[in-house]
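Below, chain A partners chain B and then partners chain C, in two separate complexes.
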Partner chain A sequence: MQITFDQVSHIYGRGTPFERTALRDVSLTIPAGSFVGIIGQTGSGKSTLIQHLNGLLQPTSGTITLGDVKVTPREKMPHARRRDIGLVFQYPEHQLFEETVAKDVAFGPLNFDMPPELVEVRVREALEIVGLDYEAVKDRSPFHLSGGQMRRVAIAGVLAMQPKVLILDEPTAGLDPAGRKAILEAIYRIHREQRLTTVLVTHSMEEAARYADRLIVMAQGRAVLEGSPDEVFAHADRLRELALDVPETVALVTQLNQRLPETERLPSSLYREEALIEHLLARLSVAKER
Partner chain B sequence: MKEEQLLAFQGVSFAYEGEGGAAVPVLNGIDLEIAKGTFVSILGPNGSGKSTLAKLSNGLLLPNEGAVIVSGMDTRDGELLWEVRRHVGMVFQNPDNQIVGATVEDDVAFGLENMGVPPDEMRRRVDEALAAVGMERHLHDQPHHLSGGQKQRVAIAGIMAMRPSVLILDEATAMLDPQGRRDVLALARRLNREEGITVVNITHFPEEAVFSDRVIVMSGGRIELDGSPSEVFARPERLQELGLDVPFAVRLRRALADEGVQLPFVLHQEELVEHLCRLLLTR
Partner chain C sequence: MLQHIAIGQYVPGQSFLHQTDPRSKLLFVILFAALVFWANNAATYAVLVGFMLAGVLLSRLSLSYILKSLRPIWLLILFTVVLHLVITKGGEVYFRWGWLSVEEMGVRQAVFISLRLTLLVLISSLLTLTTSPIDLTEGLERLLGPTGRIGVPVHEIALMMSIALRFIPTLMEETDKIIKAQTARGANLTEGSLVRRARSLMPIVIPLFVGAFRRAEELALAMEARGYRGGVGRTRLRRLKWSWRDGCVAAAACALTFVIGWWRT
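And now, the complex of A and B:
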């Protein structure tokens, strides 16, 4: 499902002393089937932006188009469309509440009047996607699981709705490296298998470089950079001005290129670690054979 | 002269009550001494006992076996608990559980008021702590209007302002953006260097650990590795077995070495750039 923002602004507490503009004239496109990384400093408008994607917030001005539906300051997102858009909040495990894992994951689908037999199938599938053994966890209390497992249960609750668009707000925050990788690989797999449109809000440039095919950089409520990862990472100076990082791979290539003569420089497209290693090996292994 | 040990774990075991009342062991026989003025990083997978170790350090939890000694005070002595907690300041991962004030400056001043710090000194410390975490413009803001990352910086300022002798950061940077993380770490390092505050940084980010004096790796409730960053990160395969990451420079060097391109051991990216440049130019 393609999503476009046309001149979208959002003002919190309009007309009160706490009035604050969180989004300013944001125009952007999230193509159907893309994996979009949204990066930006704390307070840059990322969370406000994604809450517009599933109708939790309405624009103060401008138009959002999701497939064939338009959302404007006056037109709300239809209930039926909200079901197509799965939003995983920060620390989603804080929203677990049911007695058992299976009941918790089933809550959303049951709420949208899915038949119970179908719900059970969906719950089983969703738990397996996130790497949990359905039989082993279904009757356990979610509160007795580890932090990483609780996070996966919460994500399964969104996946069980079989959304067409999956939005994740820092899904790996606080997890250890193995847990981060397990969750992101699961998300990436289901993104491809079910041809989802996926939006990942992250502070990790490494995650953005590894998974996203498109990046949006937010700063002070505006979308200031938008494009493929190598297009965006080519603006390393701009990113640093915005107090953001570039991936370590990009930083290394930049530092190497500053010191190497023009003929020896590395291409700027090496933002994925595997690609960088392959390039270095190709050049350095040849050197050894000579 | 023996180094002064600020924090000592002596044969400490801890278990919590799990599903059905069964005891779930978290820490098993931990012996650990942390010297005054050091910057220590603790790495370990989720569930390895890192946070339990932190909570035992200031008496939020008490050991089932063994003792935890803070500057000569046993945390099991109820009369010393207030004093223990003044010595050991702790910043947690979730900012929403740590904010108490109606405004940002009130929140930062809360601990100082309890300690009876004079108003002038209080003003100076609150301003300094907020500037250090980059939140000085939010002095009069209400904490609930801040984003998660901003709240965390305020919580960190609140602890920093109390100038504890040990500052424990329990994954305190987990929710911060890159700039926020850099600021908080720089602040912790400065407090360590200039004020002599002992810092224990519990983290999942190996890049945060390369600047430490000492790195402790926990796994399954035990101390698995303990040494300088170069000693610990010289064993990337062991760390990866434990589900942990190693710094980018260490990982890249290792990947090249696996394919027969040898470089000297590096911890920091600048060293890697140095070696790679030389190699690329002499090919």
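And now, the complex of A and C:
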């Protein structure tokens, strides 16, 4: 399902002393099946942007096209279509409310009138995708789990609806490195296995570089840079201006290239850690053979 | 969704009213509220409405924004108006249909009572719109200071108030976020039978309570960690001072009381 924004603006608290423009003329495309990273500082409009992606907010002006549905200042998103777009908020564990983990995960599917036999299957699948043992957690209270486990349950609650697009707002905020990695790897795995269109909001360049095949950089309510990671990272100066930085891998490649002769420079497509290590090792072994 | 409720929302500014000492504002509001009940004819109500409008001008806030604070109570006003129109009898009869009649006293009472409610809400919103919660509780604490000698826990009351005021916007934001999160999971709060709608509140109320308790615990811990032991021997960061503005407010209060007392019947 492709998502396009055409000249979308959003103003909060219109007509009050608290009026604030959160999005200014944002135009962008999220192609079907892609993994898009949205990066930006706090207050750059990231969270406002993604709330438009499933019709929770309506634009003040402009048009959003979600597959075959159009959302404009006048036209709302039909309730049933929300199921297609799974939105995981920041700190999603704060939305847990049921007595047991299984019931909480089943909340979304049941709201969209999925038959109960099917719901159980979906709940089991969703919990296993996020790396939890269904039999072990299904009857436990979600409030007695650890922080990382609660977050996984909350993400499973969205996955169980089987959305066509998955949007995550800083899913790793406040987690330890191991927890971060586990959650991101799980997200990346379902993205590849189900060709699920995924939007990851983050302020970590490392996370964006590692998983996204397309990046959108937000600043002051505008989409200032958009393109493949190597295209975006090529604007290192602009990123620094926006108080963002290129990932360490890109910084290393730039440093190495300054010392290497022009013919032997490293390609800018080496922004993923594994790819860079592999390339460097290959080069070293070639050098040794000589 | 919830961003339209204006009560208790401080709007930062530099106007006359913003810079007036919270104590004089508080005392004036209390006096004004008393005068609202003392006034009993068209002239005195006109004076009060005029004072109210002058206050709005002095706050440099737009009237339409302040009027929004009436939103939560307009149903109540409507209810009292209808009740008085129908029930209060006396004077000339304007309209009669079977047992139903609208009479002079009823119209009079309806207008006065709704004016009273409106004035009370507006003056208190004007206070909270121009006074930050910290100033407000500090003013209250100082005003109640003398009662501390007879065992009233003034500092604790003031602290409870400032914490409550401080968390109103936070909890509203959180409610908004939880409503959105559950809507994204297909919760439908606006459709279905009454029972169904009441049930659909559970996914919002429970996380909200859990969050409120979590915040309370964290706050208590943070306060203890910074050595908070109650009000005994605590010094103040900001001192409140009497200024020419407070003189103006006092003069206005005297003049208003005098005029109302003179003109009421």
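By definition in this document, the second predicted complex is superposed on the first by the 284 of 290 C-alpha atoms of A that agree within 3 Å, B and C clash if a C-alpha of one lies under 4 Å from a C-alpha of the other, contacts with A are read in each partner's own complex, and residues count from 1 in each chain.
Assume contacts are C-beta pairs under 8 Å (C-beta built on N, C-alpha and C of every residue); 3 or more make two chains touch, one makes a residue touch a chain.
Quick caveat: nothing in here was measured; it's all calculated off a predicted structure.
Trainee: So, A:146: does it touch chain B (first), chain C (second), both, or neither?
Mentor: After superposition on chain A, A:146 lies in contact with chain B alone.
Trainee: Contacts for A:16 in the overlay, against chain B (first) and chain C (second): which applies, first, second, both or neither?
Mentor: It touches chain C, and chain B stays clear.
Trainee: Quick one: name whichever of chain B and chain C touches more residues of chain A.
Mentor: Touching more residues of chain A than the other partner does is B.
Trainee: Report for A:79: first if it touches chain B alone, second if chain C alone, otherwise both or neither.
Mentor: second
Trainee: According to the stated criteria, A:96 is in contact with first (chain B), second (chain C), both, or neither; which is it?
Mentor: In the superposition, A:96 touches chain C alone.
Trainee: Which partner does A:111 reach: the first (chain B), the second (chain C), both, or neither?
Mentor: Touch partner of A:111: chain C, not chain B.
Trainee: Should A:170 be classified as contacting the first partner (chain B), the second (chain C), both, or neither?
Mentor: Touch status of A:170: first partner only.
Trainee: So chain A touches chain B in one structure and chain C in the other; where do those two contact lists coincide?
Mentor: Chain A residues touching both partners: 18.
Trainee: Considering only the defined contacts, which chain A positions touch chain B in the complex?
Mentor: Contacts found on chain A: 18, 20, 40-43, 47, 90-91, 140-141, 144, 146-148, 170, 173-180, 203, 205, 243-245, 248-249, 251-252, 255-256, 259-260, 264, 273, 276-277, 280-281, 283-288, 290.
Trainee: Per the contact definition, I'd like the list of chain B residues that touch chain A in the complex.
Mentor: The touching residues are 18-19, 44-47, 93-94, 145-150, 171, 174-180, 204, 243-245, 248, 251-252, 255-256, 259-261, 269-270, 272-273, 276-277, 279-283.
Trainee: Which of the residues in chain A end up touching chain C in this complex?
Mentor: 12-13, 15-18, 51, 54, 56, 79, 82-83, 85-87, 89, 92, 94-97, 107-108, 111-112, 143, 157-158, 161
Trainee: Hey, which residues of chain C end up touching chain A in the complex?
Mentor: 3, 11, 61-62, 64-65, 68, 174, 177-178, 180-188, 191, 202-203, 206-207, 210-211
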